[in-house]
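Going in written order, the chains are labelled A, B, C and D, and every chain counts its residues from 1.
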Amino acid sequence: MRLATPPLQLAGLAAVLLLLPLGLGDYWSYQLALYYLYAVAALGIGLCWGRAGFLPLGQAMFFGLSGYLSGLALIAFEGSVWLIVLLPLAALASGALAYAIGTLVFRQRGESGPYFSMITLALSLLAYQIANSWDSVTGGFNGLKGIPGLPGLDSFGAAYYVAAAALLLALALTTWVLRAPLGILWAALAQNERRLVLFGFNSNQLKAVAFGLSGLLAGIGGALYAPQQGLVTPQLCGFLLSADLVIWAAVGGRGRMLGPVLGAVVVGALSSTLRVRFQFWEVLVAALFIAVVLLFPQGIVGVFAPLERRFASRRRRADLGAPRRGGAQDAARLVIDGVSAQVGEVKILDRLSLAFERPGIFCIIGPNGAGKTSTFNLLTGELAAAAGRVELDRDAVTGIAPHRIVRLGVGRKFQIPTVFTDLSIADNLCIALWSGRASRADLLRPRLRRWSSPMLAELRQRYGFLADATRKAAELSHGERQILELAMALLTEPRLLLLDEPCAGLSPEETQQVIEVIRWASRRLGATVIVIEHDISLVKELAEEVYVLHNGALLAQGTVADIQSNPAVQAIYVGAQK
Amino acid sequence: MDALLVTQSINVVYGIATLAILALGLAVIFGLLGVLNLAHGELIMLGAYCAWVTQAHGWPFLAAVPLALAVCGALGALVEWALIRPLYRRPFDTLVATWGLSLLLRKSVEALFGLGYKSVSMPLQGTVRVLDSPYPAYRVALIVLSVAVLAALILWYGRSGTGTRIKAMVGNPELAQALGIPVKRLAAGTFVVGCCLAGLGGVMVAPLVPVQPYMGLDYILQSFFVLVVGGLGSVLGLLSGAAVIGGANGIVSALFNATYGYFTVLVLAILFLWLRPRGIYARS
Amino acid sequence: MDDSKHIPARRSVLRAAVGAAALGLTPGVLRRAQAAEREFKIGLFIALSGPASLFGPTQKACAELAAAEINKAGGIRGRPIKLIPTDAGGPPAETAKSAIRLMLEDKVDLFIGSHDSATREALVSTIKGRVPYIYTPVYEGGECSFNVYCLGETPHQQVQPSVRWMSKERKVKSYYLIGDDYVWPRKSNEQAKKYIAQYGGKVLAEEYVPFGAPNKFEEVVTRIKSARPDAVLITLVGADNVNFNRTFAGFGLDKDIARLSLLLEENTLHGIGAESSANLYSCMGYFANLRTPANEKFKKAYAAMFGDKAPQLSTIGVDCYAGLNCARALFGKAHGSSAHALMKASEGLRFETAAGSVTMRGRQVDKDMYLAECKGTEFDVIQTFRNVKSGTVCST
Amino acid sequence: MSASLLEFEGLVGGYGSAPVLRGVAGAVAPGEVLCVIGRNGVGKSTLMKLLFGYLRCWHGSILLRGRRIEALEPPQRWHLGMTYSPQERPVFDDLSLRDNLTLTRGRRDLAPFAPYFERFPILAQRLAQHAGTLSGGEKKILSFVRALAEDQPLVLLDEPTEGVQWENILHMEALIERRKAAGAAFIVVEQNLAFAERVADRYLVMDQGRAVLAGPRAEIGREQLLEHLHV
């Protein structure tokens, strides 16, 4: 899905928002102003849920927090210029809190499923009770009253433009972030977190940032709500507003930027119009809501997705050269020394020792359950070693987080191609390019999506389809996906490249192409390439040296010829016999 | 003082028992099927209304049980077919859809019976002496009944063929199919049973609480917390969860006040969700 | 700040039209915008959604009854009343929003509200006195905002006479205070503690439960049991009130400990049920089976208008009846409709409520209060306290 | 071939967008063992999943006793007389051995298992134990016994000998013979050539998603097999 809205559309929207009040009376301006603020908060939910793939259920907590803070500030410093600083600070406080919560929860176990949602929900209930009980500060149940409006801006018209401006700001902010690498990484994260980690990105931090940003957006809404309404009550932190925000995001369409906004304004306005007309308006809202979840998971806006694609720009802007990846450049020296590991009851690595001290292509073969893929998992830090140690360039890497190990220059390709199917080919390739090259600040620069590297150019030469910018990875054939993922693995310019059955499920022609690429890449990168392969004919073509694993240990090692003449190897392939 | 201590301890036990019985339905639906059913509270509410309806017709209290089972069972079957199955393996969408459902149920009941509090009179009046201090008879009965129901469930789930098949389905659905177990139908059945248990819980608490359309909201979160704290997929988990949540709430409320009790529950829930998501008694 | 003043009506109509078109609404908006200025429009805030909407039907019915009577008698300043019932059961911001609509689009002449205090605060800070606002239900007292008039029972009115009666007649020496944790119970208990001390009683404990949380009362009741008070003063509301009293009786305390509840009306009592209502008292400004001529007359008219399907009468509902009568008297007495004229006129204003006629002093109401003992699910009024002061006096 | 119990042809299928089988045909008759042989990733397990209905086949037909079954769910296929022992997660880890064995039976008595317990006494000793506590090989044995003891006319075994000690492999062979004698048909995916050579009546050799060699054991020698296993 193309989630980001180009600046042009944003400008158009701005024009609409500016002109709307002329068409509507003050009341509608006022009403819209309120829902714009809710929309800003709902936008944050769309960001987390539709983009980064986790659902916050307690956003009202952040809305309320900054609501109270800005309310207190407005009362304490009525009319002072300091408000220009204090109100943004109130919004930032919510963002900071969200980021802190996100960091804590995600770091724990990367939990971002329903349990995370439950945590945020429980937190908002807590916030509600605190706001309710802490009379001295919050004014208790009756709320914080007598909050003055923004100096000189408290007429309905002015209030409308303040809210509209906030909404546009929020939209601009999200547009920008979603078009920047950060947004792409979030989308990738939602599709296949593990894969992203193996490109060297700290997925938990990415999620925390998303949550923090959603908190900031809710904060902006709350900070302006206080002066607009002149009153902040505990309900503002409570469950019902949280639920409403989610409903609006879902109905409007969480996946696209305008979705939550549309949801908040349309559904919000609809229900407030209905509530005066007939008693059971909530039934309609609930029904509409269930219907959308069942029939249009992408919400109202999702219905227009096809149009959106039609207008998607096909032209590719001029490439920018990506910097060289940092750190050591020479081939990695890898030593696995007496490593044992097990999953549950089963021992999958049994005092395994391997060493790859020079660049070149090495093959690992062995029957099922020999521990081949487990060895790769061990190298990328996903499988914890119970005993023994793993050294990369003489440094122990046992017990280091996967994304850190990858940043040392380890690239990996899975047996089943795991590209980010919902992203365009270009974005897939970019993610690989950013790996190990992009700084944190870089992740906010949209132009990084035009990055290219000499290797990418050459790969595009070899495989035309890689140059097709807008085509989605989902539309690729199995073979093309294998190639794409291989290309992605190569673009990180790793010093240690791990390929797990790169030719699985490929036609003979495709297989030949892949073989060539691997040879070419190993020469070009001067890297250590380790390939898991069953097809001895391919092993013959590729490997300088072959390692045979059996029952989690090294059974034999040598040239293909040695291996084939080795009776022990024969035995395990032909079958157990005495 | 001594009598106070005794009664307060019974209160804690009572709190745990009610929590367990009210969370039971969700324990089946969320614990076994992994379905986040936010309409659980409304099923309890329906059960309670069944109790009131039977009373309004002058039928005996126990007549509410079959009625509740029928109502909640039928509803459960419908919901499973219309909402749960299409959204299988889409936890967030299930969450959101069942929230919509709960809204729908609340308003429908409101349309049917109005918002007024319905009071269901106690089937058992007066008090009985427990450890020679008087305690309300019906509450004692409820404790006993909860224990009985849970015990029965442990036995049935542990011994019966169906219980074993459910375990098999939960543990390894693919293999279960290889043994000819109709996983889809079994899952649907399990969901319906969960709904019926929720309804049963509603009947049991009906005489103790104000019966009105919004009552479900009080139970849904508590039930989730109980399961999360206790750990999914086992009656033991359910009990330990109820023990921690109900116990903490009861003890803190007894020692300090209800506000602190409520805070404790929320904080406990958050800590478990965060630090020990598999709960006290995690399924292997 | 309301710039629609400065532009000719035609254009504002035009705007409304465009607006309506833009939002695809029925021309209803349009018609309301150009509606005849003759009607005396009252924005009536009552709970149509949410838990409080339990009172909605009664509130609406009583307001309609009053409107019918007044219109029959020539309306307010010769203008027929038009009620615009509006939901106040949602979040305060929603209600405030409706208030803006009523001011800008419907150009209402008056607001009458029956809802919780948080919503009142929201309305007060939205209306800012531009339109008179009559707040009818029982509340915590002390509301003195510009151009706002309160009719409901205040803690002072409920507590002072009832506590005195309890101490004198029931020889109650020790009290246990239990309430929901928000402003009304706390204010009420402040008053209670004052008078309990004054009449030589003592407060054994003051306890609050979280407002809006799933509360259970076994622990509280057990504590009360061991504290052995002569009476419990209850400032719990709604479901909590029902829940507590059922638990209290369940533990068999109802025999020897009296209960005085400060927000106990017919609906709540039905929830508590006959088996749990022994030894339970309520002190309010109105009970459905009050035997005053005014109430007999009121109930006859009510029944005549709504038949036997009429929603249950209770204090919170019938206060809306008083609200409209108050409006009529106020506009009848005042010269002009300016806030100052109205506030000036309000002092000493007399008007009819369902229970009888009352006097407004300092924009609050001095009224007769009634103490009732629960008999099953009925109230038996056992004592009347004449013309009790509200205890709040606002500038006029 | 006319008497075949199960026939399949032109099978194409796989995961998501990736075709793993690119047109496979074969058949097995009562009292016959069909061994499916090939390297990893050539589609052997995928074939089994297609035959038992876990994966929908994109093209091709599967006939059981002449009846088309490719539209049926796995449980329905079981009720038509097929059973299956998967390569991965072959048992219910959180059930006892007894429950694992008696799950599909109304009664829980173990009489029918006597001949199996003779060969694998370890199962009889650990009946009360959770299957999760067994080693990989022991799980395979448990799953194997469960599948055979169901007395279904058609048994699908995916790598039954993986991680199993060789003397137990011999027991497996004997038990398969016993069921063959009773007229049961088997489709066995196997990497262990020695085992395959002893139990197979027919071979189906696969490479890159296609059947590259098929026929009676007598006609296909080890060299040909090894050539396709590339060892």
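Quick note on the criterion: contacts are C-beta pairs under 8 Å (C-beta built on N, C-alpha and C of every residue); 3 or more make two chains touch, one makes a residue touch a chain.
Just so we're clear, the structure is a prediction, and the values are computed from it rather than from any experiment.
S.K.: Chains touching chain A and chain C alike, please list them.
M.R.: B
S.K.: Determine the set of chains touching chain A that also touch chain B.
M.R.: For chain A paired with chain B, the chains in contact with each are C, D, in label order.
S.K.: Taking mean CA positions as centres, which chain lies farthest from chain D?
M.R.: C
S.K.: Would you kindly tell me how far, in whole Å, the mean C-alpha position of chain D lies from that of chain B?
M.R.: Using C-alpha averages as centres, the distance is 43 Å.
S.K.: What's the distance between the Cα centroids of chain C and chain D, rounded to whole Å?
M.R.: 77
S.K.: In angstrom, rounded to a whole number, how far apart do the mean CA points of chain A and chain D lie?
M.R.: 41
S.K.: Report, in whole Å, the distance between the mean C-alpha point of chain B and the mean C-alpha point of chain C.
M.R.: Between these chains, centre-to-centre, one finds 37 Å.
S.K.: Could you say which residues in chain C touch two or more other chains, in rising order?
M.R.: 53, 181, 210, 213, in rising order.
S.K.: In chain A, which residues are in touch with two or more of the other chains?
M.R.: Counting only residues that touch two or more other chains, chain A contributes 129, 133, 282.
S.K.: Can you list every residue of chain D that touches 2 or more other chains, as numbers and ranges?
M.R.: Residues 132 of chain D each touch two or more of the other chains.
S.K.: Mind giving me all the chain pairs that touch?
M.R.: A-B, A-C, A-D, B-C, B-D
S.K.: For chain A, which residues are in contact with chain C within the complex?
M.R.: Touch residues, chain A against chain C: 20, 22-28, 30-31, 34, 128-129, 132-133, 135, 140-143, 145-147, 154-157, 225, 229-231, 233, 235-236, 240-241, 269, 272-273, 275-276, 279, 281-282.
S.K.: Where on chain D does chain A make contact in their complex?
M.R.: 14-15, 17-20, 39-41, 87, 132-136, 159, 161-163, 165-166, 169, 191-196, 208-209, 222, 226, 229-231
S.K.: Using the touch definition from the top, list the residues of chain B that touch chain C in their complex.
M.R.: 1, 3-4, 7-8, 11, 14-15, 18, 114-119, 121-122, 125-127, 134-136, 138-139, 208-210, 212, 214-215, 217-219, 221-222, 250, 253-254, 257-259, 261-262
S.K.: Write out the stretch or stretches of chain B touching chain A in their complex.
M.R.: 36, 83, 86-87, 90-93, 95-97, 99-101, 103-104, 107-108, 110-111, 221, 224-225, 228, 259, 262-263, 266-267, 269-270, 273-275, 277
S.K.: Quick one: in the complex, what on chain C touches chain A?
M.R.: Counting only chain C, the residues touching chain A are 1-4, 12, 15-16, 18-19, 22-23, 25, 33, 48-49, 53, 86-87, 90-94, 96-98, 100-101, 104-105, 116-118, 121-122, 124-126, 181-183, 186, 210-213.
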